[in-house]
Every structure is written in structure tokens, then in C-alpha cells.
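Note that the chains are named A, B, C and D in the order they appear, and that numbering of residues resets to 1 at the start of each chain.
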Amino acid sequence: MSLTAIVGGTVIDGTGATPINDAVILLAGERVRSVTPRDGTAVPESAKVINAAGQFVIPGLMDANVHLSSALPDTVLEYEGRYEELVAEAAQIALRSGVTTVFDTWGHLESLAAVRDRIRSGDLIGSRIFIAGNIIGFDGPLSPDFYSPNSFLGPRTVKRINAQWEQGVGQELIWLPADEVQKRVRDYIERAGIDFVKYAACAHTTPLLTFSEHLQRAIVEAAHNAGLTVQAHTLSVESLRMEIAAGADILQHGNLTRTPIPDELLTAILKEELPVAALIQTRRYLEWVHDRGPEPMRLAFGPAQDENDCRLIDAGAKLLLTTDGAVLGTAKRNHPAIAPYVKDAPDPPYELGESHFRWLVAVTERGMRPMDALVAATRNVAEAYGLGAELGTIESGKRADLVILEEDPLVDVHNYRRIVSVIKDGAIVPRDAIPSRRILSADSAA
Amino acid sequence: MSLTAIVGGTVIDGTGATPINDAVILLAGERVRSVTPRDGTAVPESAKVINAAGQFVIPGLMDANVHLSSALPDTVLEYEGRYEELVAEAAQIALRSGVTTVFDTWGHLESLAAVRDRIRSGDLIGSRIFIAGNIIGFDGPLSPDFYSPNSFLGPRTVKRINAQWEQGVGQELIWLPADEVQKRVRDYIERAGIDFVKYAACAHTTPLLTFSEHLQRAIVEAAHNAGLTVQAHTLSVESLRMEIAAGADILQHGNLTRTPIPDELLTAILKEELPVAALIQTRRYLEWVHDRGPEPMRLAFGPAQDENDCRLIDAGAKLLLTTDGAVLGTAKRNHPAIAPYVKDAPDPPYELGESHFRWLVAVTERGMRPMDALVAATRNVAEAYGLGAELGTIESGKRADLVILEEDPLVDVHNYRRIVSVIKDGAIVPRDAIPSRRILSADSAA
Amino acid sequence: MSLTAIVGGTVIDGTGATPINDAVILLAGERVRSVTPRDGTAVPESAKVINAAGQFVIPGLMDANVHLSSALPDTVLEYEGRYEELVAEAAQIALRSGVTTVFDTWGHLESLAAVRDRIRSGDLIGSRIFIAGNIIGFDGPLSPDFYSPNSFLGPRTVKRINAQWEQGVGQELIWLPADEVQKRVRDYIERAGIDFVKYAACAHTTPLLTFSEHLQRAIVEAAHNAGLTVQAHTLSVESLRMEIAAGADILQHGNLTRTPIPDELLTAILKEELPVAALIQTRRYLEWVHDRGPEPMRLAFGPAQDENDCRLIDAGAKLLLTTDGAVLGTAKRNHPAIAPYVKDAPDPPYELGESHFRWLVAVTERGMRPMDALVAATRNVAEAYGLGAELGTIESGKRADLVILEEDPLVDVHNYRRIVSVIKDGAIVPRDAIPSRRILSADSAA
Amino acid sequence: MSLTAIVGGTVIDGTGATPINDAVILLAGERVRSVTPRDGTAVPESAKVINAAGQFVIPGLMDANVHLSSALPDTVLEYEGRYEELVAEAAQIALRSGVTTVFDTWGHLESLAAVRDRIRSGDLIGSRIFIAGNIIGFDGPLSPDFYSPNSFLGPRTVKRINAQWEQGVGQELIWLPADEVQKRVRDYIERAGIDFVKYAACAHTTPLLTFSEHLQRAIVEAAHNAGLTVQAHTLSVESLRMEIAAGADILQHGNLTRTPIPDELLTAILKEELPVAALIQTRRYLEWVHDRGPEPMRLAFGPAQDENDCRLIDAGAKLLLTTDGAVLGTAKRNHPAIAPYVKDAPDPPYELGESHFRWLVAVTERGMRPMDALVAATRNVAEAYGLGAELGTIESGKRADLVILEEDPLVDVHNYRRIVSVIKDGAIVPRDAIPSRRILSADSAA
């Protein structure tokens, strides 16, 4: 088993503990063997030594919400049959920027599963992927839930594409009684090879609810029976309340209520230590939205969200780094359905490879302590997804996912961008060589 | 007080009792004084005598669900400021066809209230009107809930029109917490002068839910505290279940679930004797829908509805005549959003002045006993709306709303169309003179 | 006959002649009797004297292209039956800002004719109006030519509204052979009481042509036989060429070709002294368009237009002030079809009451001499429309339309805004009292 | 050189001459060597003999207007990069049904040229193809000219796809002056390897004109200078007149004027013997259109077309068989933009492999003599396209394209469907083996 020693750096291990200066991290194969002060540590002769003197070592970052497969109509239609290439590109863009683990909360099941497995087996370099497949209750990308094709496309095309996303657990479930819904979800879990469950507690962009609390309980039960964590898409206070009542494990963008989270709900969140995967934007993006952004953004990212964010941070809620990040190439940036939200905007949201840096800035701007921000971007995510034993911190026995930074991220949050190297499963990531093939990101990189 | 004696007819009084042949109905002013066999009844000399020998007298029909004010964009825009004229026309079309009382379950509050009051005061002839105003949770007619104006109209126009329908209780309520929702509903009830409450339990044409059960309870409580009955718009099993759990008094088109009503829900409906205002179409309309109708209609009026209808009727559920009827003139019949559903169709639904006759045919086709059908069209509606002491039957002390038919409606359901005369509040309705002004119905009458 | 003497001002009479300092303009009734130096002029005792010492007197401005009746769907639908009120408001907004004569080149015939006649008869204060009615070949406002109602409105509404604009000379004429087209145009002229003819040589916003040259000749002939001037809507080089070949009298926005006007065409325009009603924007509006304006504007107002404008001005073409001006109130400014073009823009085009000032700035920015600019805004317009004997200059015998300015407009073009008073037909316009009723302009004035 | 003798059949040679009974057609290689009565003809021993006794031999049919490459958005997007497969399928569907030569008047240049060349070289079996590439003046399939993608697709996708059709000669040419247009067309001809030129004289479905007569002349001149025939897309009388004036060689669907072709134009067509490729539908399709068809079809195929058709046939105009045929598979048949025109319709138009049979029925229904119909489907097409020396008749020296029928097509026009065998370039077509790969036609064949 190969040994690697990272020597001399300051280790901020993701547990929230005081950083260890001038430390030695010994990696054995894919895992961390030990973290010790250099003084008194004998580095094995066989170990490959990485000199990290003056540098800072943090756990690989974890993003609780990304979308590796593109759902833009253009891409969906152009790359049909080749989606794996897009997922691979995205997984490498994430990894390159220090995100060693991502949770894909909606996407094209088959290609995501394939890329996940290829990365897991070592066949492909990329961020470690966990997938939900479809958001139960939503129809596919070419539907009113996302991009309505109106009468531009015929029913065969629409059905063929959407079925690949819906996987039999689309909007039609909302018409069904609870036992039938539960059966459909159970079948889906068994068949799909997913890692966690996500369902829609409300519509994609409106406050209309999808599943009643009664049905939500049936879904959560099916997931828990299968040993999976559950989360829901929510936008409103009531959908958040229903999700919590139904027993969800992670509150995905639970901060995005249009009116402030009521006290009793906030209290419940804090008391039960429910992880909140909070989408938070930088101040300057919000200012742009306020001044020049399109109306839907002005409503979604209004004062209630800001109030929620500040209260959650003040109260010490268990936040998770979450970005909704996807590859934002030229085609997407100029698509009429997307352009108003990102074009000319500073720090646009939802940009894989970038938005996690912006999230760390944004929480800092709202008063989160630097150490808490790091924990939110590492350990909290791992624990929320039930992976705390394997991921999220630099501790003996865990997977060796690390990022080495030039400067201290606790001193200046922008230092997260100053990546020296990324190590995943004990191996140094060839950052300059990935994405090995630029497709959607081709132009933006040029 | 003026006396009127209707002499010699067979009285089917709406209570379900055996008809009384050769009877005398004595009306005193606006009310029924007595119903007795002619033998042994002395008709007061001062009474005006109506000879009904060989004819059949039934209570004035009651429609549990109509829309007197048009919501078609064309009409809404053309007649702004003159909606009262449209409501008056509709109320007269209903009355002319034997419907002496209607429950308007969604419409333009101000004009409906005005016409209701003018009719009540005797200033205008027309069906007796009870109103709900807005369906709480829905936006106005020029919105995605009904007819989306896309970018054809500007925000001022859209807002100005919609506000007249929304009355502060539109879709925005869905974002709010329960106490705020309840407050808004309470204010609306106090301000609006409505007669009963209707809210949206699900979207207008999709299964998406609007209010959580939590919020539904808050709305029902507000209504009940104000002494009003409550009903909800539902389309799916879950929305029906939630409405019942929340305590609704009438299940408006509760038969329209896309999958059959589950047994336990049906049992609850029967046990609690919950009134079901069931939209039921004639067989030949359903055949047309199946063969040539547009897809939404094929889905909405599919096998589940038929199964529900038959089971409800078989089990003796408390059904109410309900038509969703509105004036269906040439403009509406040819509107691109409406034409596919009604044009060239036999027995098209939703046609004020016609659809109640079709409903009586439709329930008979599904095996309802003739006497039960009459009760469903009279007493059941009155009782469901808490008006059993005043309306719904020909009994001493009740309002004198009667329809005299040429032939026995219990022998042939088509005999409901053979109206000799309509009496409302003790006075003969001048059927040939109404609608006194044809507007939307002008062409169809020509 | 009442006499008025304007004494002491500098008269810039619109002929291009050297201004006369310290002059006396004597008005007799509705006409100018004389313009003379004060020295040696005896002002009749009965004359009302207006002291214009230190001020500048110019002819009333003339706008070769306005639209007094709103065509916005919102307004068209809301004000049906009351369009005269809107036309009256617009005519007063124009007059108030110094424009004493306007040429309405597309609008609602009946209301325009009515307001025109009321103003002519002295019954109403307002700009003098000459009208074209429909642009022959275009369908009404609720059509693909302008605002397509898609399936939002039904065919009856669309037809009813559009017919009021189309007047039997809409797009259907394009299908017809020449003799039939000519007959239809002749009938229209006879019936409609219009003052000049405008037809479409190309589509409203695309380069597609409407009438072939063959048909254009038939239209022009019909107009000339009726003694009317003709102009066409053109956007492209070819449509401009065809219009000229067909014999049009005024080139309406003839400067708006997407590629530069070819030399031989420019030569023909100059040689025949064809009046060009050139839509010209200020530099800062064009910069805004270039930086942030919507694509259609960037294409329409691109380098070719600028090149055309400069060449036309350099070559001394006979330009006419033309603005396409309409009342730009809050509703229009925020309409989704309009907002991208005017909102947040400096010097937005098409704004009645404002855009003529901007036009004078814009031509000056492109090097037109101040005196030529004034002539383009007065005499040229009158002559182009065949009204040179009556309007356009301050000369003996002509109608007494004058604007008195505080400062010299030849020194600073912004001085056109510094209006002291407007005189039309010899009478002082009560500028503070108009528009006597603000409707569409209500909010913008607030 | 291989010899083949077709012996004993009745030869209707496409020249209009009296059929030759009991004839011998001797084919040498790809060409016809002789056509002689059997009596007195010595069939060479080396010749392969085909016994056609009792059968009827006609020239291979020629369709003056087909579209082998699909332009439906679904197909365009799904098969990008594989269009050749679609063109090959279509060329084989045509050939299988007796059409040995087709003229593709609009399509995807590159794939059409490739398939044309493969067929020409003997590498692929299929109808002989001649191509126009783009209709000069039209934008690509994903544009307002055909299927507008509105905001469903982004600009990159739309541009990428459309550019493959537009080839630099799209709608933008309409803005340009004549010399520039001519240059662009010349470049296109030189670069594209097309066989004939087609331009738009009017819009795709509206009467708006595209190129002025001035520009049309420039285009025609460029084509003629390159030795190519020219045709235009026309829909209205004026566009037809302009096309003729500009010098077009074939009047493509010249019969589709909305008002009857004026006498002088008809006279010119007859006098100059201009070939009219007339789209003509069967009576029962027109009845369906009249009763139940969508409005655009009712207008396009109205009384004027029928009058034109009858007059052209009566007057003996030089008609060409033309179908606008494309593969009409299940996807297309159910596409919302297509379904209203073909679904449930008898004899739907535009169906490759079928519509030529319907055309022959349709002209017969309108009184065309059987022999003239055959000539219209063979010799006339060849001559109109300048290919009379090679194709269109069974005459010595011409290409050996033949169809052998079971029964006499001159006796009953439905006999064209009773194909025994198809011979192209002297070789028997393996009709049962084509299309060798069913793609778009897969379902309809199942």
C-alpha cells in the first residue's frame, strides 16, 4: 500500500478543532492513516513526501446540491445518447475546483449512475458522486415543470426524453393514493441504484404543493425502509413545514421561503439539528438582482431569504454548502430562459466550479465564523448524508480527500480559491489535465 | 297578502315523499302556506287560481355551482365596468330554465353582490343568488390559473382586472403562514359580503396542491367562525382527502378524481353524509370526448370519474345537482381556449340554462332513482348550503319557488324541459320576457 | 376681425431667411397679415399687443408622423368606444409642446376623423390633424402585424377591433390583383375622409415586402387621382426603391434601411427633391441601444442608418421632422412589448410631446445647420404634404401658427424647449390647461 | 454491355403517342436501345428477357417537388449528423413507389448532395435526385419561416442548425441591394453543387413578398448564367406575376393563388408554355378540408385553386406532377404543427410514396385526359428541368427508367399503384428490400 506524507502544513481538519500547525498527514492508500505534529513524527521512508510548509490543508469540499447533467433543451436534444460525456466533464470541473464529493440532486439517472460507478472504480477521474436521479413528482426537462416545449416538439420526442429523467416517478404520482405512491417509490429505489431520495414538496418555481403530507410520509417511509436519506424540494414555509413533519433528513434550500420561517419552525429545525442546505448568494449578486435582476429572482431572493439566512447563522443551525451548481457554458449563459438570471451579473449563482467559493464568501458576509463555514462545507455535508464515518474530515481512517491551499482560508475566505493541489482518495488530482474534454465549458474556458 | 292557489296538479314536493295527486298548493305572498289534497281543501276566494290539472309541480331547481360572471378574457376586457349586466343576463337565463336558486362559486364579487341584492330586493327578476366571490388561493382570470395573458397585456391591466376577482385572497396566500392566511380570509369575509366560502385545495386544472392541510384548517375555521359553509376546489384523491380532513361542508366536484376514490375515503363521505356536488356528463358527451375530445377532457372525464359516479350513486351518497354552468354564447363557443371542449359536442358541459337538464339525464343514465334525482336537484342543495329551512321543498312556510311541468319528470327525465311555468317567491316568472337583455347569449338565441 | 400684434421679438420665419430682429407680426383673425421691422410699423390701436421683446418667434412646429390613437392591446380593449378621448389628449399634448400641426400616419380612423373635425371647427383645442387612417396592407393592432393575440382572445373580439383599423384595406389586399386593389383603395379614399394615403411597402418590422411594385403603382395612382399625397412604410433598400419607383410623394422613415442607401437611389432622392421624413435618434439613445438595448433596436438603428442620416444631411436632402410619436404613459412604458425599448433609456424615441425636441437635437448632432433644422420642422413638412400655401412659415396670408421662445433656438437647439407661448390660428393656446383631461399620460404627469 | 428485353407488354412511352401493344423494349446497359413491335423484332440471345405480356410499361415517374430531408424540429435535432440516413430512406421510399427521379426543392444541402452522389455512382439504390438546397431568401427550419423555436432553444443551437440549411442565402438577403444579392447567389451556386435554383418570391405561408422584382431578376440572371433552371416559391397572384416577369423556368405550385389567376397571366403562361408544377389534391381530401380541416388549409385550398386547376387543365397548360412529398411517419403525423393537416384526413397531401398516386387521381378528377396525366408525370417534368434528352420517355438513347404495371393506367388511374416492377438505369429495383433501413417510416410501416 502506497504511503504519502504531507509535511509541514497547517491542518484544518474539518472537525472544527484548532488547526494543527506544522503537521504531518500520513496517507495510506486511499485513506488517512494519521494526523500528527511534525515534531515527534517519523515519516516512513517509503512514503512519498509532499512539502506543505507554509500551506494550509483542509478536507476536500463537499457540495450538497449539484446538477451534473444538463437539462437545457438544447443540450438534452443535442447530446442524447452521449450524456455521460457531459456528466464526466462536470464531475471533473467540480473536482478541479476542490470539491471532492458532490450530491447530484436531480439529473439523468442512467448517465449519472454510469459516471458515478466509473469514478468509484477508478476508471475515471472526477468528484465522488452520490445521486438522487429524478426529483420524485417532477416531470422531465421538456415539461412545464422545467422547459415547456409547447407545440415546438411532438409528443414522441418529449416523451422519449422525459422518460429518461422521470423514471416512472414523475408528476403522475400526485394523482395517486398513498399505497400506490409508496409502491412506485419503492420500485424506483430498487431499480435505480440511487444513493438518496429527493422528492418535490412544492412546484419547481411556484408555491403550489405537489404531495400532500400524507403522501410525503409514504415517500419518506419508503426511503428510510431502503436505508436512504430523504430530502425535498421546498420553496415556501408550508412546504418546509410539511417536509419536516414528514420526516425529511436534509432541508434542501430550506432557507428560500418567501416569507420568513416562523419561529416555531425555526425552533424545531434547531432543536432537531436538521441540516439546512442553504442556497446563499453574495451581497453584490443580491444588489444586482435588486437593481437590475428579473422579477422572479427579486421575489425569490428577497428580504425573507436574507432574514432566514441571518437567523439560521446566528442561531448556529447546521448549514450545508449547497450551490445547485451546473456547468455554465456559453450556450447556457445565452439561452433566453437563463440569460436574464446570470448574464452581466456578478457572482451568478448555480455555476459549478465557482459557486462554492461564492457560497463561502456569502456566509462569511452574513457573520458565520470562518471555522463554521469550513465545517459547513465539509463535515456537515458528510454527516447530513450519513457518510460521516467515511468523508468530511481529515481524520484517521477516513478517505483521503484533501485540498492544499496557499494561504489560510480562515483569515481570508477568498483564500479557498488559492488551491495548490487537490488530493482525492489519496491521489493527487491532475488539475491541469481536467476536464479531459471540454464540451459545454469549451467556450467559457477559451 | 296576496294568495295564489295552484290547483289540480300532482305535487312532487322535493322531500322524497310520494307525490300528491290532484293537490292544492296555497301560496301566501312569497311563501307556501299549505299543500293539501284538493278534496276537502277550500280555496280562499281572494286567491288567484292557477289550474294545474294534469300537470306536475316540483320545487324550483337549485344549482350548487354556477358562474354568472364571465371570465373569458374577451368579455372581461370588453365589459369592464358593466359586469352587472352580464350577471343579470345569466341570472335570468338560469331562472327561465327552472333554476330558481344558484350558488355562484367563483366570480366577480362586486357585480355578483350587486345583482344578488337587486334580485333579493325585488328590483330585478332572476335566480336567487348566493356567492363565494373569489376561490381563495386562485389569482384572477388573466393569470396562469385561468387565461394567461403572457406578454400580450401589460402589468397594469392585468393587475387592475385580476384585483377585482382576487379581492386580496389570491395565490399569494399560499406563501403565507397559517395565522396570516386566517387573518386575510377573515378580513375578506367581513369585507366582501359573501354567502359561503370556497377555497382552492388544488390547482385549477392540475393536481398540484395549493394550501397545505394546515392552512386549509385555518381557512375552514375562519369560515365556520363567521357562520359560513365552506367548500374547496378539488381534482385529485389527495386534495379531496385534505378537504375532508380540514372540515369542508360540501365536496365540490368531489367526483372528479383521476384515480378512483379509495374505499376508506368513500366510506367517510357516506358515513358523514358529506354532500357531493358531482359534475356528471351524459353518456353521449363522454363518448364524444372519448372519440374526438381534446386530451385534457379525456383525462379528466375518464374511467375513474365514471367509477366514482356509479359508486356514489349506488351507495346512496348525498349528491347535489351541480353544473359549473355559465352563459355559453357564440363568442365563448368559438374562443380558441374553449372551442375544443364544446364545439360540435353533444350535450356540452358548463352551459347555463341547459346543463342542469343534462345532469338529470346523466344521473338517471347511471342508475339514480328518479325521485332521488329530484331531491338531489332541490332539497339536498338547500340543506348542504344550510338553507333547508327556507328552500328546497314545497312545504308549508318555505319560500314559494316552484316549477310546473307538463308531464311527469319521474316517468321520463326529459320532462324537466317541458316547463309550463316557473314561480319564484310566489310570483309567476315572465319567462318569455327574460333575459330582458341578451348580451353574451344574443347570437345563440338568434 | 380681431387683430393681434407680436411686438419686439426676433422672427425666424421658417423660410430660411435671415431672422428679423425687433419685428412686428400682425395677425388678423386666424392668419398672418404682415411681418415687418418695428421701426416704421404702426400697430393698429385695436390690436391686442403681445410683447416679445428679447424673445424669438418661430412657426408652429409640424410633425410629419405621429400616432394619436393608442394601438396597445390594453388600451385598445379598455377604451373601446372612447378612443376620441385618447386622440384628444394626444392632440393637446402635441400642441402644448409647440407642435401646431401633426400628420397621423396610422390610427383609428373614426376617432381621428372626429377629433380632427372638432379641432378644425374650433370645438376643441388641439394640434391641427391630418390623417391617413389605416396603412393600406396592414391588419389591425391585434394581429401579427402588430400585437398578435395568439389564442388569448377569440376571433370575434379580434375581428371586431381590427376591423375598426383595417377599414377594408388590410393585409388581404396583398392577395388581390391590381385592378381589385385599386378599386378597394379608391373606395376607401372616398368613404374614409382621409387627408393623405399611406400604404405598406414592406412588413411592419421585417424586410418582407407587402405590395409588388405593380400593386404599389395602382395604389399611388388611386391616391393621386383623388388629389392626395402618398407615402409608404419602408424599412429596406428595396422597399424604398419600389416606393420611389411607384411615385410616392414622401419617404416615411426612408432613412431606416438596414444596409446603406445605394448611391443611385440617393442621387434620385436628391435630384427629385423627395422629402425624407427621417426618424433620427440622439447620440445618447443610440449609445444606450448599442450597449444595453434589445436586439431588434440594435439592428434597426445600426451603422447603416447613421450613415444614411449623415449622407442625407450632408447632401442637403429635404428632411422632415418625424417622430412616430405617441403618448407614452406608464402603462405603455411598462408593457412587456414596449418596455425593453424605452425603459431606462435616455431620450427614448416615439414619445409625443418630447421626441420632436430630441429630433432637433439629433439632426444638429449630425451636422445639420440650425436654420435647416428649423425649416425641416416647419416649411419642409408643409410643402411635402402639399400645404405650403397655408402652413409652415410666418408669412403674410398664412395661418397664424407660432411659437414664442425665450431664447434663440439657432444658438442652442435646446432652446426649442423654452416655450413662452404657442399661438395657433391666431389664438394663444392655454398651455397650462391642456391636456384638459389626462388619461394615458396621467401617471407620467404625476 | 448487358442487354435486357422487356417483351410483350403495352408500351405507353411518355411522349403522348399511341401505345404500342405487344412490344419489345430492348435495354442496353443503363439506356434504352429500341422500342419496337414484337412482330419482326429479334431479341438478342444474350439479352435477359422479362416477360411483360398483358402488362403495361410506362416511363419511370418524376416528381417535380419533394423534400427528402426532414425539417421537423424533432427530427432535425435528433438526427443531427445523421441526416444522410434520412435522405437515403426517403429516396428509396420514392423509388419503391415508381418514382425514379425526384427534384428536391428545399432541404439540407450537404446530406442531399451526398446521397445524390452516392446514388448517381451506383453506391446506393434510390430515386435519382436533383437538388436546390436552400430556398434562397428563407431562413432555416428553426426560424419563423418554418418552426419558430421561440425561447425554447438558445441562439447557438438555432444558428448552428439553421446555418446548415441557409448556406448564406437566407432571409438576410432581402435587406441587400441587387448587386450584393447576385454575388451571394453566384457564390452559393459555385460552392454548393446544386442542380437547380429555387428562391422565395413570397413568404412560406403568407402573401408577403420576399424579393422585389428587381432582386428576382438578379437571382434569375445568376442562375441562368450558371446554366441552371430557376423556380420560385409563390402563393399569390402577384408573386406569380413577379416570378414570371423575372424569367423563372418552372412555376412551382403556381396554381396556389388565393384569388384566381388573372386572364392575362394565364394567357402568358399558356403562350410561353411555362411549366406549372401544380399541387392538386383529391376531391375527398378537399371535402375533408372544407368540413373539418384547419383554417389555413381551407384558405389555401379554396375555390380559387380549384378554378385555377380546372382552367389550367382545360387550356392544356404544361402541368408537372408535383407533391411536396416527404416521409410522413408517426412522429410527423402526430406533431402538433402537422397533425391538424393530415391526421384522420383521407389522401393527405405531402406524403412521399403516396401523393404522386393521389395527384394522378386528382388531375383525372378535374378532367385531364389519361394520356396527358402520364405525360405530366414524366416527359413534362424532364423537359421543364432541361433534362428532356436523358429522361422522361421510353425512347431510344434515353436512360432506362421504367415502371411495369399489371393493368392499363389509361383505363383506370388507380392502376398506377399496381406496380409489377420498377427499372432504373436498366436495372430491376429490389422493391421488397427497400427502404433498406426504416427510420422515420418505421412505425407507419409496422
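Following the convention adopted for this analysis, a residue touches a chain if its C-beta (ideal position, glycine included) is under 8 Å from a C-beta of that chain, and two chains touch if they have at least 3 such contacts.
Everything quoted here is computed from the prediction, not taken from an experiment.
J.: Going by the touch criterion stated earlier, list every chain that contacts chain B and also contacts chain D.
T.: Looking at chain D and chain B together, the chains touching each of them are A, C.
J.: Quick one: report the Å distance separating chain A from chain B, using the average Cα coordinate of each chain.
T.: Distance between chain centres: 51 Å.
J.: Calculate how many whole Å lie between the centre of chain B and the centre of chain C, each centre taken as the average of the chain's C-alpha atoms.
T.: Spacing between the chain centres: roughly 56 Å.
J.: Centre to centre, by mean C-alpha position, how many angstrom separate chain A and chain C?
T.: The mean C-alpha positions of chain A and chain C differ by 59 Å.
J.: Where in chain B do residues touch at least two different other chains?
T.: Touching at least two other chains: none.
J.: Going by the touch rule set out above, what shape does the chain contact graph take here: line, ring, star, complete or other?
T.: Ring.
J.: So which chains actually touch one another? I want all the pairs, not just one.
T.: Pairwise, the chains that meet the contact rule are A-B, A-D, B-C, C-D.
J.: Show me the residue ranges of chain A that touch chain B in the complex, using the header's touch definition.
T.: Interface residues on chain A, with respect to chain B: 171, 174-177, 180, 203, 206-215, 236-239, 241-242, 257-259, 262.
J.: Chain C touches which residues of chain B in the complex?
T.: 72-74, 77-78, 80, 147-157, 330-332, 334-338
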